[in-house]
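Each structure below appears as structure tokens.
Look at the two complexes coming up: chain A is in both, with chain B in one and chain C in the other.
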Partner chain A sequence: MRGLPVYVLLAATVTLLAYAHLLNSYWMHVAIIAMFYGILASSWSLLAGYAGLFSLGHMAFASLGGYASALLVQWYGIPIPFGMAAGVALCCAIGGLIGWVCLRMSGPYLAIFTLAFSEIVRITFSTEDQVTAGMAGLHTEPLFHSVSRLPYFFTAFGLLAFSLAVMGAIVHSRWGLFFRAVREDEQAAAASGVRVAQFRILAFAIASGFAGLAGGFYAHYIGILTPSLGSLDLMAVVVVMTIIGGMERIPTAVGGAFGVEILQELLRAYGQWRLVIFGIILLLTMRFARNGLLTPLWIQFVRLGEVRSVPPPPRDVGQEGSRI
Partner chain B sequence: MSENGVLVRGATLQKHFGGIMAVDAVEFAVTEGDLIGLIGPNGSGKTTLINLLTGHLIPDAGEVYLRGRRVNGLPAHGFAAQGIARTFQLTQLFGRMTVLENMLVPGLTRPHSTWGAVTKRARTYLEFLNLAHLETLNAKNLSGGQHKLLELGRALMLEPAVLFLDEPFAGVHPHLRDELIKRIHELHRSGRTFVVVDHDMESILRIAQRLVVMARGRKIADGPPALVRADQTVLAAYSGL
Partner chain C sequence: MDYLFTQAANGAVIGVIYALIAVGVTLIFSILKIVNFAHGDLYMLGGYCAYYVITLLGVPPLPALLAAMASVFALGIVLERLLLTPLYAERTERKDEYGLIVTFGLAFFLRNIALIAFGPFPLKPPSFSSGIQRLGNIIITNDRIFAGGAGLLLLAVLLYFMNRTIWGQALDAVSQSRDSAAIVGINPGRFNSLAFGVGAGLAAGAGALIAPIFSLAPDMGVSSNIQAYVIVILGGMGSVLGSILGGIVLGETEGLFTAFFPDPTRALAYTNAFGVLVLMIVLILRPTGLFGRRHVRME
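Now for the complex of A and B:
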């Protein structure tokens, strides 16, 4: 992406940051949570959309990152950023390990394996209540001792921007190309010289690290952590956000997170029916727009300001032979 | 290089699947500059042999050597890094990636490769294969014949010492088959080593300088095409006797 779309994005970002203080506390909270989900959806997009690893354990890593940071800060009194960094490192390590354990799994087998892992993490946090306070909730050290949510808003924005910059650099590098090759055909990727096992592990480690980062921030923003952070319900929310936005592009996944989070609030009056509405949107997306609802819009946006070249004269393609 | 220019060698290779012996004590050597036709009826073990010699399968018994070095257990990407390229019986492309991206993947796995240099080389090969005008299309949108050409191009991007082509003519329009044979000849003249697997005797005889015949997992003939064609064992295998 270059040229006009970059300027438009920059202008929109600067405007948003400049006028952020005008948001009331409620909508600022919605925006912060949307950015939290933005990190989760974009990293899940890296894992499932780019590398083709349909993991259902992503929220377990958010939970691990959150608890690791909260407990380290509580036990050792280390600064919160160090606690969050430790949570990220732990999630990278465990994510890589999970990636290694399920090297030969794909599709439903991988989904079920990671779902089982996720449940193990959730039940462990729930059961070990002497350490984690279980379902009563672990009180965490707040990131800022401020009444205003504005510092959290800027922190969430910074973390989201950092995550998108790093993941954007990865998907546009040769690693991104290799992730997609592994997604398309592992055997052909190996025959092309791609270290399939290494890149599968790498995808798990990177995505888990970002999930841990989101979880760490959430822990020190919300102030209380429960094992339900790693529940299948929240995993489903991340999946819905990513698929509705478009799982094969990181910006569309973030767009999906924002769209769904904001819609969740706007439709709050409909109670549980709003979840039915999301289910229907998901079904329609899977049926009619498998690349996500935002992908065509994003493609048009990226092409803004592109100079259209004169198309080349048509080739004679009457016979298959003439096309070689 | 060692063993008098032998690039790849399989020694008494054996592989079975369940109760079926797919490859049974096969000796197979590829020497630099070879253009070998590997033929045999369906189920004779040709593809299994290729899979063993390119790291996609691990032999139950026997050894695989690359330039004289034993490499049993080396993963497929390790073979690719050593310059052993292959195509697949049923074309395996990166369907939702563009033609150019398909070419870039193997190129960028090479050590010290740069995007600029690899892109330039990919475009040269796409020109050679008459696919340059399709570089921005997703690979899944190409015709069957173009799939075969792109897979050949992707293998060439590894700058391989040996190319194993598994049934490159299967299901391909006769006109396109002629073009493929022409390209293989051109590449061979430029110094590439080929092993072309097929069960279509006619196409193989047009290119092979050495013919290896397999039947029921065993190598039953190996030599100049004219001699192998006249071999009674080969005729019997092909007529199902």
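Now for the complex of A and C:
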């Protein structure tokens, strides 16, 4: 039966949504945060895993999107969705700009450059406290005025589904192929007619836009925004999630985000040790299973219900073998 | 005016410390061809190591400095053997990405385990020699003089090691061409470990020297890591002398920037941002740094 994995995923999603109201408030919060990280991990995997642009500034874009939306709503009283959209647009523009200025940088230089960018964003947000309230935290307008977290849950789910649909469509189109060609060998890609510069900028703009979307949602969900949203520690968490899951596929990156976030709550008793454990898992994953821990499972899952294309082995092979 | 001179003197000391961190980054880059994102955390470990040797074992500060350098040197070699050997294997794809993620993950691991082991509160070891010196109206603490002097001595030893000893020459040979070095009988594997260990040891020395001046905190490695990149990009990836000069220039610039910035309440916060901004501009104008040696490239 072809398309079985799609039906399985759909069934699981529908079941999850139908029974979402049974989750208690705490686990619903965990699920919402997991979906927030899911958007970040998947867009980072588009940037680092597909296009090979190892950016450490992803959380800076989330922070930019969050602050842009929160401040626009606060200053001009525009509706929150417009604020979030403006944040996304700003992140796309700045992301494209960053992609453009670091066209000539490769690997570690790009990482250093984006790390520097994220530090500047974080320092500016925490120092200009007349505007952003600094480390004290900026109070933001909540998206819904309800006690229940259910509307947030559905919004987060909708945003995640939208992001995955858009990014999935991109990576399965010719663009996805071009991104991977750029990652493998820029010169070979250029020689084959891929406009490398254009696709590097595009990857940055798209991924940053989704980071801004996640940041905007986060700002209006949590209700308070601090510059530590763009800190290196959170960036490390996103890297850990994406790599443990598998950075070269979007579903495995999302799976990594969900897995790490849920484990983080289940192992709450271990406090700070959780991060140490995730660090060790990350190092072991890189050392021994570089494609990610979920990738083999995902490949098996995608093959579910596929008609065996391998022909059955001819009979009597064993006997012939034994005769020789 | 005296304030300016004091700031300049402080900047010079901090610059020497920065240089000690940055030469490690550049050494590791030129041999292993990776940017070590965990370098600031090795510096942090060195500081804590010295602190515990002093407070728990009652060792005087100077031997404690050497003990910290030796133990982080050994730790560096162990980490390199455990984690970085795939960098030398032929079948590893995209080595720069591997080195990047592994050292980034290592930094995350070290920072969090330090938070558990040493606690989040700042610690301050006893000073190397207490008291202050006055030069006219310029006041400088003995600790800073000691840190600057010891740092300069360490840098001099490193320069001697790199230029005048057979091992230093061998390191240079490996950095120029791994294969040619192997042909003339240098085992590149051993020198990978040596380079990582020496870089880690120097960072630890910097951490131990800075500890009595600023206190120790588990996240002190983050900002020093970025400063090391600023220096290495300014001084050129792979150039030891460039890193030393770059470190001192950055220390001075930061000191004077703090003194001259119009709004004193924000001066300190923007000092870091200033260095980072310089880094970004240099990277945009010359993507491999200002004085990068041509043969030191990514593979």
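What we mean here is this: the second predicted complex is superposed on the first by the 307 of 324 C-alpha atoms of A that agree within 3 Å, B and C clash if a C-alpha of one lies under 4 Å from a C-alpha of the other, contacts with A are read in each partner's own complex, and residues count from 1 in each chain.
Everything that follows uses one rule, which is that a contact is a pair of C-beta atoms (placed from the backbone, for glycine too) under 8 Å apart; a residue touches a chain by one contact, two chains touch by 3 or more.
Just so it is clear, the model here is predicted, and its values are computed rather than measured.
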Between chain B and chain C, pick out the one touching the greater number of residues of chain A.
C
Under the stated touch criterion, which partner chain does A:Leu275 make contact with: chain B (first), chain C (second), both, or neither?
second
After the superposition on A, what does A:Val6 contact: first (chain B), second (chain C), both or neither?
neither
So, does A:Ala191 touch the first partner chain B, the second partner chain C, both, or neither?
first
Could you say whether A:Gly107 touches chain B, chain C, both of them, or neither, answering first, second, both or neither?
second
Go through the superposed model and pick first if A:Glu119 touches only chain B, second if only chain C, both, or neither.
second
Taking the stated contact definition, name every residue in chain A that is touched by chain B in one complex and by chain C in the other, in rising order.
none
Of chain C, residues touching chain A in the complex:
34-35, 37, 82-83, 86, 94, 96-102, 104-109, 112-113, 115-116, 222, 226, 229, 233, 266, 269-270, 272-273, 276-277, 279-280, 283-284, 287-288, 298
Going by the contact rule at the top, pick out the chain A residues touching chain C in the complex.
52, 54, 56, 101-102, 104-109, 111-113, 115-117, 119-120, 123-124, 126-127, 183, 232, 236, 239-240, 243, 272-273, 275-276, 278-280, 282-283, 286-287, 290
In their complex, what parts of chain B are in touch with chain A?
54-56, 75-77, 80-81, 85-86, 88, 92-97, 101, 104-106, 108-110, 115, 129-131, 133, 143, 145-146, 149, 154-155, 157-158, 173, 175-176, 179
Residues of chain A touching chain B in the complex:
174, 177-178, 180-181, 184-185, 187-197, 312, 315, 319-321, 323-324
